[in-house]
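The structure that follows is given in the form of structure tokens.
Chain IDs A, B, C and D follow the sequence of writing; residue 1 opens each chain.
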């Protein structure tokens, strides 16, 4: 058990250490509201992280999530402004995410173009399309119902946190205990054997990307409904943050293993680290260097912990 | 004889430029082990693929369970109870044993329609099957921690879980040590008694006599003969396979061992290698026997610098040598033909010529630039000397047969002009003709003064080719047998630590 | 010297010529020597960094930290110069810093065996972060003209960095196709284990590749600083994606083992002339982004269509018989079969 | 066969280009305008003003070939490359807002050397000799000072305030911050700047950084200034969600359109900015006057007539504070004093 959840426990320990230190030295960090903001900011990243975990476990990568999020956000905002009821807006965001994810998935699974190339292209092309279409104008003002999803509180925590947790738990269950979920792991672990075992690998790959898109659509709704306008710059650099969280969370970047729980803890750790820089008053100019070094140390430590670095040969780079 | 389970009649399969199968008949009855033999390229794999739904025959008919059948996809064949255990293990290293048993055919909970995986039911059934095989398997362990033999057990258990009526085993003993082979055979007999039909493919003829009921020989896409094994002999089979009479399979010539070329003194590496000492002389072939995991390959890797030793001394021609890296080993004159030919021995997409020159490319370079003309000359020279059958030196190594691929690996190391040659399972998966050629080559090289350390799990090969045999058990050498005193029983006694 | 091009390289040349003709029709300025030479100034930085990147991707690795390294080395140079060290020694030290940063990537990848994508993703943040931290975000300017000439000067009308780039292309192409280490790099991409078992010091080559990438990135960083006349921590932001796009467009396979310097050069040129020509044709930048994404997917799609059939790719002297080195010759029809395929012995 | 696919690709390219590329006008004054990036309402407002001026000039019989183009996201390198490409088309004037004051100097110099009139607007280049005129929306001193004054008026002269800025290397933002510090030192000695954080001009980062500041200094922070339009709405949002709307002063630089909701709700009482439509409008008039010679390079005591704005003085020297300390701006045309948008006046503006 220790072995199986080793990575998750390591992150949990790091998280506890950091949060513990902050709570002791910074009284305001202990505040319930601070905790709630951290959880809320982590919620949508965590939801995107679910999709990214699936994609990476399946042996692929998706760097277009940030651009997809911006597209979903802008179209959702535009619909809301046109008077569409909120449930329709949410459905539209989900459908749009699903559609863009399906486009990625179709190009990757059926036309067999490497995923990094496809999503690199959609990353650039979608962002270009946004600027072309909006000319930089933000979507606002938004109708009063817009912020319902983002700002309603249940038991002291905003709705996005609950939805995020539900999604993480559901995804953890689906990945661990359903046939499609297990097929994702099988595919990432040994694609050729997966084919021989009768798994429709193209179909699984397609759905992994489509689902990743759908989750981006959901994350969009958790994120932008907290604000009274949709900015065209939404989602910039999101892919970097999410991939980092997935890797810190212990998912093998080459596929086959990884958990949604690890990713969610990774997201939390990065969110708390980022807040810690402000709370501890660390000079913002060193911000990026510290975050990068942190990732390097976390991943290296894990590789040393599991003894992978001592393997003499044959370990894929 | 029992009822026919699977019957193939007049199966023909044409690939562009090659007639892979030409009107082949093949029958399998329930509770039968039917061996399929032939040289590489004879059509064995194509036949298997037709049975398992990978290929469709151009002509001929298949009857399965008494009715005409077609298998349009591997899945269709699998669903009807035809399982294949491939040479290269088709498992999922990251997943647990339990899960590997079920990938592609997960069980769902009874009485629900969901896509949920019913772990409890899967575990219960798996335990039942594993217990019925009389073996132990930790269902929770990830497969990458299992030994080759255990991984094969997983594959067999997987076939049984799917109620396989026909199990095709393609070179199943390749990665196994002798006791594991024995265990596999008893397992096969057990399956036979349950009424499973087994198609057994192997290059090791001894195994066919040990386990099979009938044998079919294919050559050049045609069936040569089908006969009960009791009515045939090794030599007859070889003759049918090769199409001519083969000289001795183990053409060992007697040599007078020369001065010691390699002296190993108390070599050690944590628990895997415990104070191993031995001497290898010029012209000598020393066999290294032992079970998988006994430390044979660890010893080879230590000597070759892949995984350098922690303790002990190595002397080459009487001079102390430290090998901390394979490049150093090469420069000192130690060569190593690795166990896994395709993974460790060859760069498959590289051409035959590029593979032959790989270890000596720097020697073929002037001022860092490769002298392509010299490289080509060297490559052609080795293709000729080792009789590597290839259309040319710029054909990718992947296009060659196993035996010829192995000759490329040998050629690569002979080009480096070694004084010590370590051969780790040099004839695994190599057909009988090429096997004899590799053995002849070993004798010839020893005759020219090379010291050869031969690691093999195939006892007849060790007995046939070695001047002396060292037996390892749990990281130490437990005994040494002269050629004239060695027997399979003595080796096994030492190898299992029973002595 | 006989140069035989891969099919995908011929596609790229077709694409280059085709888009060149179109752009010339759309803008009268485009197809003038002055414009094309000027455009190569921008190609040179991307193109230089793309050379070691090609080799790294062939070896089945990746270096995402190149652009950050450009900023870090330029910043190092700037800070040293600001503290009174003459510009050329400062530049040498800046290049040394970049080389060291590359070496550090290589060390963690080769010795600690952390996957390259993870290491360089982290150092992408670290190197730029250090540059920002050291400089506090402010730029340094006022370098002497002798240094600025590196980025703005010409020799016989040809920009200096273009000359450096062309020299780099020649050196890299010769290195990759003619030397033993070049061959090993392809081998590492195909099967690293087999190379280790052939006595080749894979770790040292990998270390060397990332160090070289650091060195070239630093050199490109100097050229960049000289071109814009400033050393600043946000220099060359996002270049890593452009470089990788160019390399992949040039036909190098991210799965390792396949790729050429000529292809990479064509990839860089196509991206450059598309950006240049489309700007001249007054196509908005946003549309250019969409277009370049489409071209990338389209090009890779055409390569994939042909991936089953391999061709000879050699730059080699004529040989009396079909020649081998570096060659990939097709023999086995229909070998896209599943596990356990028997190879026919002709 | 093998070339067909490549040809198809080229054809697709041709179609796309054909759709997007307008023809070129003949024999007209070519004026190109390159903002920092096109994806922002602020720059779209300057485009609006510029086009208004172009239309007026055309109505007066001046043939103008006007092009507004820039990188799609803020990117120094792409801006440099685009300007260099545009210079090759030999425009009569080019109007630039620099993503990076220093890095754009060489390309601006190159354009000037080629006989092109170079006008900077919104964000100047670091070397005044690299361009003819800088159309200044309001000096850093004026704008930074105005922001601090707003804080002093609304939160008292001993307020503790924090700043959420764009990027640690952003020259304009750093200069406004320097001007704020100078103003605090000179006029409000009891006022205290407690922290500066950076949102990297990304909405999500700006938001979480603002939240972290609010959470850390809970009850001890009187104001937050966001001198960047991406961060300001997110800071306002963070204040609202912390239940501090109206209790913590939020101000900064942004357009009335972007901030209208917050101003009407009272979360943000005052937004400081100049009129970007007027800025673009003025820039085109300055460019035109420079081309025609109505404005002569480097000469003091000139004025430029700018349509509905009337005339603006061309100043040879203007003292200002920047990120690099005090600086004397040269050859500047000042739009005017920064404007404060409040609940009362905000509906009069649409940009």
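The working rule: a contact is a pair of C-beta atoms (placed from the backbone, for glycine too) under 8 Å apart; a residue touches a chain by one contact, two chains touch by 3 or more.
Composition by chain, UniProt nomenclature: A = Autoinducer 2 import system permease protein LsrC; B = Sugar ABC transporter ATP-binding protein; D = Substrate-binding domain-containing protein.
Everything quoted here is computed from the prediction, not taken from an experiment.
S.K.: Looking at chain pairs A-B and B-C, which one is connected by more C-beta pairs in contact?
M.R.: Answer by contact count: B-C.
S.K.: Specify the chain most distant from chain B by Cα centroid.
M.R.: D
S.K.: Cα centroid separation between chain A and chain B, in whole Å?
M.R.: 45
S.K.: Taking each chain's centre as its mean C-alpha position, how far apart are chain B and chain C in Å?
M.R.: That gives a centre separation of 42 Å.
S.K.: Could you work out how far the Cα centre of chain B sits from that of chain D, in whole Å?
M.R.: So the centroids are 71 Å from each other.
S.K.: Suppose each chain is reduced to the average of its Cα coordinates; what separation in Å results between chain A and chain C?
M.R.: Inter-chain centre distance comes to 30 Å.
S.K.: At least two other chains touched by the same residue of chain C: list those residues.
M.R.: Within chain C, the residues that touch at least two other chains are 132, 136-137, 193, 196-197, 284-287, 289, 294, 338-339.
S.K.: Could you check chain D for residues that touch two or more other chains and list them?
M.R.: 38-39, 72, 168
S.K.: What residues in chain A touch two or more of the other chains?
M.R.: 127-128, 130-132, 192-193, 196, 285, 287, 313-314 - these are the residues of chain A that touch more than one other chain.
S.K.: Got a list of which chains touch which?
M.R.: So, checking each combination of chains, I get A-B, A-C, A-D, B-C, C-D as the touching pairs.
S.K.: What does chain A use to touch chain C in their complex?
M.R.: 107, 111-114, 116-118, 120-125, 127-132, 192-193, 195-196, 240, 243-244, 247, 253-254, 283, 285-293, 295-296, 299-300, 303-304, 308-309, 311, 313-317
S.K.: Can you check the complex and tell me which residues of chain D touch chain C?
M.R.: Checking each residue of chain D against chain C gives 2-3, 5-7, 9-10, 12-14, 16-17, 20-22, 24, 38-39, 67, 69-72, 75-78, 80-82, 84-86, 88-90, 100-107, 110, 126, 167-171, 174, 323-324.
S.K.: If you look only at chain C, which of its residues touch chain A in the complex?
M.R.: By the definition above, chain C touches chain A via 60-61, 108-109, 111-119, 121-130, 132-133, 136-137, 192-193, 196-197, 206, 241, 244-245, 248, 254-255, 284-290, 292-294, 296-297, 300-301, 304, 338-339.
S.K.: Which positions of chain A touch chain D when the two form their complex?
M.R.: 26, 28-29, 31, 33-34, 37, 41, 127-128, 130-132, 134-138, 140-141, 151, 223, 226-229, 231-238, 271, 274-275, 278-279, 281, 284-285, 287
S.K.: Please output the residues of chain A touching chain B within their complex, sorted ascending.
M.R.: Interface residues on the chain A side: 177-183, 185-186, 188-190, 192-194, 196-199, 252, 256-257, 312-314.
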